[in-house]
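By written order: A, B, C and D. Residues from 1 in each chain.
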Amino acid sequence: MSRVRLRSVTKHYGPSVLAVKDISFEVADAEFLAVLGPSGCGKTTTMRMIAGLEAADAGEIWLGERIVNALAPAERNVAMAFENYGLYPHWSVYQNIAYPLRLRSISAEEINTRVQKVAKLLEIDDILLLRPAAISGGAKQRVGLARALVRSPEVFLLDEPMSHVDPDFRSQMRVELKRIQRELGGTFIYVTHDQLEAMSMADRILIMRDGVIQQLGTPHEVFNNPVNEFVGGFVGEPPMNFLPTRIQRGNGGVQLSLPNGGSLALPARYGGVVESMAGAELRLGIRPHKIRIGPRESGEGGAPGSIYVIEPLGDYSIVTIKLGSATVKVEAAADFSGAYDQSVQIAFAPEDVLLFGADGALMMGTVAC
Amino acid sequence: MASLQLTGVKKRYESVLALADVSFDLADGQFMALLGPSGAGKTTTLKSIAGVETPDGGEIRIGGRLVNDIPAEGRNTALVFENYALYPNMTVYGNMVFPLKAPARAEKFRAESATQRVFEVARTLGIASLLERRTWELSGGQRQRVALGRALVREPDVFLMDEPISHLDAKLRFEMRAELKRLQRDIGVTTLYATPDYAEAMALADVIVVLREGRVIQVGTPTAVFNRPIDTYVAHLLGEPHINLLEMEIQSRSGRLAAVGQGVEFAIHPSQAELLRQRVTKLITVGVRPSEVLVSPTEPDGGGDSGTVIAVEPRGATTVLVVRAGGQQVVAKVGGEQRLRPDSIVWIGVKPESLYFFERESGARVEVPHGEIDAAGASR
Amino acid sequence: MLLAIWLAFALFPIYWTVATAFKTPIDIYQGPKYVPFIDFHPTVMSWERLFGPQNFSFFKDFANSLLFGSMSALLAVLLGAFAAYGLAQYRYKFGFYKNDDIAYLLVSQRFMPPIVAVLAIYITYQKLSLLDSRLGMILAYTAFDLPLAIFLLRNFFEQIPVELEQAAAIDGYGKVERLLRVVFPLAAPGLAAAYMICFVFSWNDFLFALILTFDNATTLPIMITNLNTQMQPMWWLLSAVGIVVMVPPVIVAVFLDRYMQRQVLRGGVR
Amino acid sequence: MRPSKSTARPARNATKRLMLAPAFLFFAAFTIFPLIFTAYVSLSAWNIGGRHIFIGLANYRSILGDITYLLSLRNTVLFTLATTFIEYVLGFGIAYLVNGVARWQRPIRLAVLLPMLLTPIVVGFIWKMMLDPSFGPIDSVLRHLGLPRINWLSSAVPAFMGIVLADTWEWTPFMFLILFAGLRSLPTEPFESARVDGASPWRIFWDLTFPLMIPASAAAILLRSVESFKLFDIVYLITAGGPGVATSTVSLDAYFTGLRAGDLGSAAAMTIILLIIVIVVTMSFLQLVARFGQSKMRPLSSPKDLASSRANSRTQVHETR
C-alpha cells in the first residue's frame, strides 16, 4: 500500500474541453478518500489518470515513491472497479475474479482460496459459476469490486462501485466496504456523486466541480464548514437553504436582513468582521434541521412566511415555507400538521448561519466544527 | 377529473405473472402513490389504466365508466413515462401541443386556444423559454418538465406518473418533489404515482398502495402505513435506514413481559402486554426503527444492553451507528454531533412504545385490537 | 504500412479503369500506360461514343437499370416496412413459429443460391409471357430485395422505443395516425437507408438480368458482357460504361456512411 | 421480464397478420414455389422449348457421372474454402489496423470498402483487364521485376488463382465491414480493466479480443461462404469457366447446361445438389461455431464450470426474454 500524490495535474479533451484543471492533493497510506462531485466535474478523469487509462497533459502523478506518468496501467499495480462493471463477458464470475491473479503466476490453490474469500465477503459466492450476462447489475458491480479487492495493489481505485447496487443492499455494502478497507489497511480512492456514500465511508472527502478542487476535508469539516455555497448545497440532505441577505446596522448592533421582512441580529462577536460589508448583497445558508417553525425567541433570527408544502417522511417531515419569493425547507417533527398557505414563523439561531459572498465563497462560518 | 377504480386486475406475460390481483379506489382529486420495488407491477398497472396494456381480467373504471374496451386514445388519461418518451422529431412546443391536436380534443382546443394553453402550462412549469428547443438539447430536469407539461395541457381525467423524478439529481429531486405536490393540490387532478422510493410516496401522496409481486398488500395514509405496517415486508420497505428486525422471544420477567433476544432485552409497554401475553415463550420478530434506538456512551441509570460500535456513518445532520450487541446487529440513527468511533462500547435501549411485533413465521404484525384502524382502511 | 499496401492494392484497379476510360485504343494496345499526360494523352473519345448518336443500347439499358432499381426498392421497402414493423411491434405465433423464427424464415431466402430459383422463374415467366418484360424484372428484384429490407428495417423499428407509440396513443391518436405522425417520421432515416441499399442490390444484379432478359429489358451489366464478348474488347468504352455503373453505389455508400455517423434517435427517451 | 410490445386488442389481430401478408406472398411466389418447381424439373427431361416428361432420378445419375459437373462442384467448394479463409484473415487484420487508426479513419474506411461497392460484373471486367497477359498492368509489373510472365487466363491453375485474387479484392471489404463493426461494438471497459489488471497487449488480444469476436467472425464467415457458393458474375466475365472447364462453377455450369444447351432438367438437378451442399455446410458450420464457441470462450473451464454452463445459458435466455 502506498500514498498517492497528484501535483498540478491538468487534462484537456480536445482543444476546448478542460476536464481537470491544475489539481494537487495527497492521499495518505491506508486512507479512504472519497472524490465527490456532480457528473462532469472531472472526478472520473482524475481517477483514470491515476490508473493510467488517460494520460495527464501536465503535472506529476506519484504512487508511493515513483512518478508513474509514463507507465502503462499494467505497470502501475493499481486495482480498479468500474462503474459499468468492465467484466469479461465470456468468462464466469469466478474466472473474472481470478484473472488478475492468473496474470501474476500465482498457484491455482492460492487463487482459489483468495477468490473464494473475497466472494464470500461480497456475498457472491453462490454465483461464481454464472456468466455476467446472467446476473443483476448490482451483482455485476460486486463482481467488479471483488476483482479489484482480490489483488494487493498500491492503491484501490473505485469508480462509483455501488451505483447499480439495489438500494436495499447499498447500506449494508457501505458498512462492509469500510470494514474491508480497515482490515486490508488499503489506500482507497472512491469516486462518487452520492454525498451520502462519501460522508458515510470516507476519512476525507475531496469535492470537485468543473475540474477544480473545491474542498478537501473530513466529513464533519465539509458538512459544517463548507468553503463555498456549492459545497454547502452539495453535501447534506435535504440540501442547505440559501436566502438573499444584506448586512444592516440596526438597533444596537449589526443585523442581517431576511426575505419577507425578517431579520437576524448578529451577536457582538461577529460585528467587527462584517460591519465593513454593510449594504453588500450576500447569501445566507442555513440547514433544514437548524430551522424551527414557531415564533422567534430572544437572540434568534426569523421571518414570517406561509406553508407551501408539507412532506411527511415517517421519522420527520420536510415543510417547505414560502418567504415572499424565497422558499426554505425545514425539518419538522414527524407529526407536524398545518394547512396549506397557513401563516407561520420560522426561527433559527445565529450560530447555525453561514454567510456567503456574492462569489459564493464562505465569509462567516459556524464556530463549532 | 374523475375517480379511478381497479377491481381484480390481472395480467400475465408468458411465464411471468405481472399483476396477480390489483384492486383499489382512488377518489376524485386524490393523490395516490403505488409503492413497490421494480417488478412489483407498478408500470403494468399504470399502462393498463392508460390503455396501452390490456389486462387479462378485472375491471378498470375511470369516473365510474368501465374503460376496459376503450382504446388508449379514447380514455383521456395522461402518463408521464419513466424515460419521458418525448417525441424526438418534434420541438418542445410540438411535444406539448401534440395531445391538443388529437382528433378527440381538436374541437375543444382550436389552434389558437391550444397555443395559449401550451404557453400557460409552460409558464407554470418554468419552461416557456424552451418551447422552440429540440428535445435532445434539454437537460434531464428540463425533459422531465416537458413530459409533465405534455401530460398537463390536456386536462386529463387521471394523471399517471411512472417514477418521473427518479433520474434527476438529488437537489433537483427535492425541489421537484415539493413542486409536484403543490401543483397537484392546486390543479386538483386525480393522480396515481408509481415509485420504488418510500420517501417520495410518503412525501407526495394522500394514500399509499403497497404493491408486492402484483398484489396489493396494504393501503393507507403515509403515516398509517409507516406507523402500522401490515407485516415485516412493509415495515422494511418504509424507512431509511431500514427498520431493525430482531429475532426475539417473549418472556415473563417478574410479572412483566419482556422481549428477549441474544444479548438484548427490551421491556414491553403495558398497553401491548395484554395482547402479547398469550405468546409468552413464543418466537417473535421485534421491529424497532433506527431513529428510536437510544444510544449512550455511558451506562444509563435504568441499565441497558451494551454493545460494540462496528460502523459509524456520519451523514451531517445525523450519524448512523451499527452496533453489535450479543448476537444481534442493531442500527441506530443519532444526532450528527455524536462522535463515536468504531470499537467503542455503547449502551442501547428503546422506548417500549416504539416497538413493533411481528409473527415470526408469516411476518404479519401482531394486530393491536382497538382504536387504531386508519380512516383510509389499513386492513386489506 | 500494411494498411497502405492494402489500400494501394484496393485502389489501383479502380484507378486503372478510370484511366483506361480516357485512353485511345492505341494507348491500350501498346501495353500498360500509367500516368496521364506523360504516358498517354487523355481523350474523351470513349465518352463521345457512349453518349453519341450512333450508340447501341446504352440509353435504354441505363433507363432499365434505373427503373428496376428504383421501383423494386420502393416496393421492397414498402412491403418490407409493414412486415418489419409487425415483427418488431407485435407478438406472432403460428404454430411453433414466433417472431424470430418468422424473420429468420423470410431472411433465409438470402442463403439460397439464386440459380436455384432463377431456372424455375425462367420457365414460369416463359409461361406467363413475363420474360424480357419490365414488370417481370421489377417483381423479381422486389422479391430479391425483400428479405434484405425486412432484415434492416426490423432492426430499425426495434430501436424505436415502444413508449413513444404508447405515448401517442395516450395523447389521443389512433393506430394510423400514430404510424404517420410518430413511427414513420422516426423511421424515415431507416427507410431511406433500406431504400438505397435495395436500389444498389437491384442495380448490381447480373444473373437475373442475364437469364430473364434478352432485348427489351436488358440492363447495364448485360451491356458490359455484350461488349466484352467481342473479339477485340473495347476496353476504353467498357471502362466508361463501367464507371457509369459504379457511380451510383459509391454515392450511396458515401451517403450512408455519413448518415450512420449521426445519432438518429437522440433525445427521444430520458 | 420484458413487457409485451403489443398495444393491440384481439380485434386487431387481422391488421397484425395483414402486415406480414405481402412479404409472405412474395416469399411463396419467388422462393417456395421456385424451389418446389425446380425440384420437380430436376426429375424431368425438360427442354427449353417446354416439352417435358418425368424421368425420376435419371438427371442426377447422369450429372454425377459428368466430369464437367464434378469439376465445377470441386471448383466451387475449393473456391469457397480458399476465398473465405483468405478474406477472413485479411479482413480481420485490416479491421484491427483501421480500428487502431486515430486520424483519417473515415476516408480510409471508405477506401477499404470501395471494391465491395462496385457492381460485380464491372469488377469482373476490371480484373480481366488487370490480368490480361499482353496489356495488363500486373503482367508489366512482373516483367519489370524480372519474374516469369504468367499466362493468367489460359492455363488452369493460374486462371483459378486469378479468380481467387479478383474475389479477394472484391469481398475482403465485406469481411472487413462486419469484423470492423464487431470490433467497434466491443465494450471498452473490459479492455480497460484488463489493462489495469496487468495483461499485455498480446494476452488482451487472445484472452479478450479474439473470443469476444467469435460471434462477429462466425457471422462474417457464414455470410461470405454462402455468397461464395453462388459465385457466377466475375467468372462469367473473366474466364466464362475456361480454359476448358478449369474455372467453371456450379452456377455457371447450370446456366450453360440449362439456358445455352437447353437441358433444364439437368440444370435443375445441378442446382438442387448445390442447394443441399449449402444447407449441409451452413448447418455444420453453425454447429461447429456453437461447439467451438463453448470451449473457446471458456478457456479456464473446470468440469464444474461445464456442468453449470447449461443451467447458466438457460438463465441467460430467460433474462433476455
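FYI, a residue touches a chain if its C-beta (ideal position, glycine included) is under 8 Å from a C-beta of that chain, and two chains touch if they have at least 3 such contacts.
These numbers were taken from a predicted model, which means no experiment stands behind them.
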item	value
Fewest touching-chain hops separating chain B from chain C	1
Contact-richer chain pair [C-D vs A-D]	C-D
Interchain centroid distance [CA atoms averaged], chain C/chain D, Å	18
Rounded Å distance, chain A centre to chain C centre (Cα mean)	56
For chain B, residues that touch 2 or more chains besides their own	47, 52, 71-72
Multi-partner residues of chain C (at least 2 other chains)	166, 169
Residues of chain A whose C-beta touches two or more other chains	none
Chain B-touching residues of chain A, taken from the complex the two chains share	38, 167-168, 171, 174-175, 178-179, 182, 193-196, 199-201, 219-220, 223-224, 233-239, 287-289, 308-309, 311-315, 318, 320, 329, 331, 334-335, 340
Touching residues on chain D, where the partner in the complex is chain C	4-8, 12, 15-20, 22-24, 26-27, 29-31, 33-35, 37-38, 41, 46, 50, 90, 93-94, 97-98, 101, 106, 108-115, 117-122, 125-130, 134-137, 139-140, 169, 173, 226, 229-230, 232-233, 236-237, 250-251, 254-255, 258-259, 264, 267-268, 271-272, 274-275, 278, 282
Residue ranges of chain A in contact with chain D within the complex	51-53, 72-74, 76-80, 82, 84-92, 94-95, 98-100, 102-104, 129-131, 133-134, 144, 147, 151, 157
In the complex, chain B residues that touch chain C	47, 50-52, 71-79, 81, 83-89, 98-99, 102-105, 134-138, 140, 143, 150, 154, 167
Residue numbers on chain C that touch chain D, as the complex places them	2-3, 6-7, 9-14, 16-17, 20, 28-29, 31-32, 34, 79-80, 82-83, 85-92, 102, 105-106, 109-124, 126, 139-140, 142-144, 146, 150, 162, 165-166, 169, 175, 200, 203-204, 206-207, 210-211, 220-221, 224-225, 228, 233, 235, 238-239, 242, 245-246, 249-250, 252-254, 257
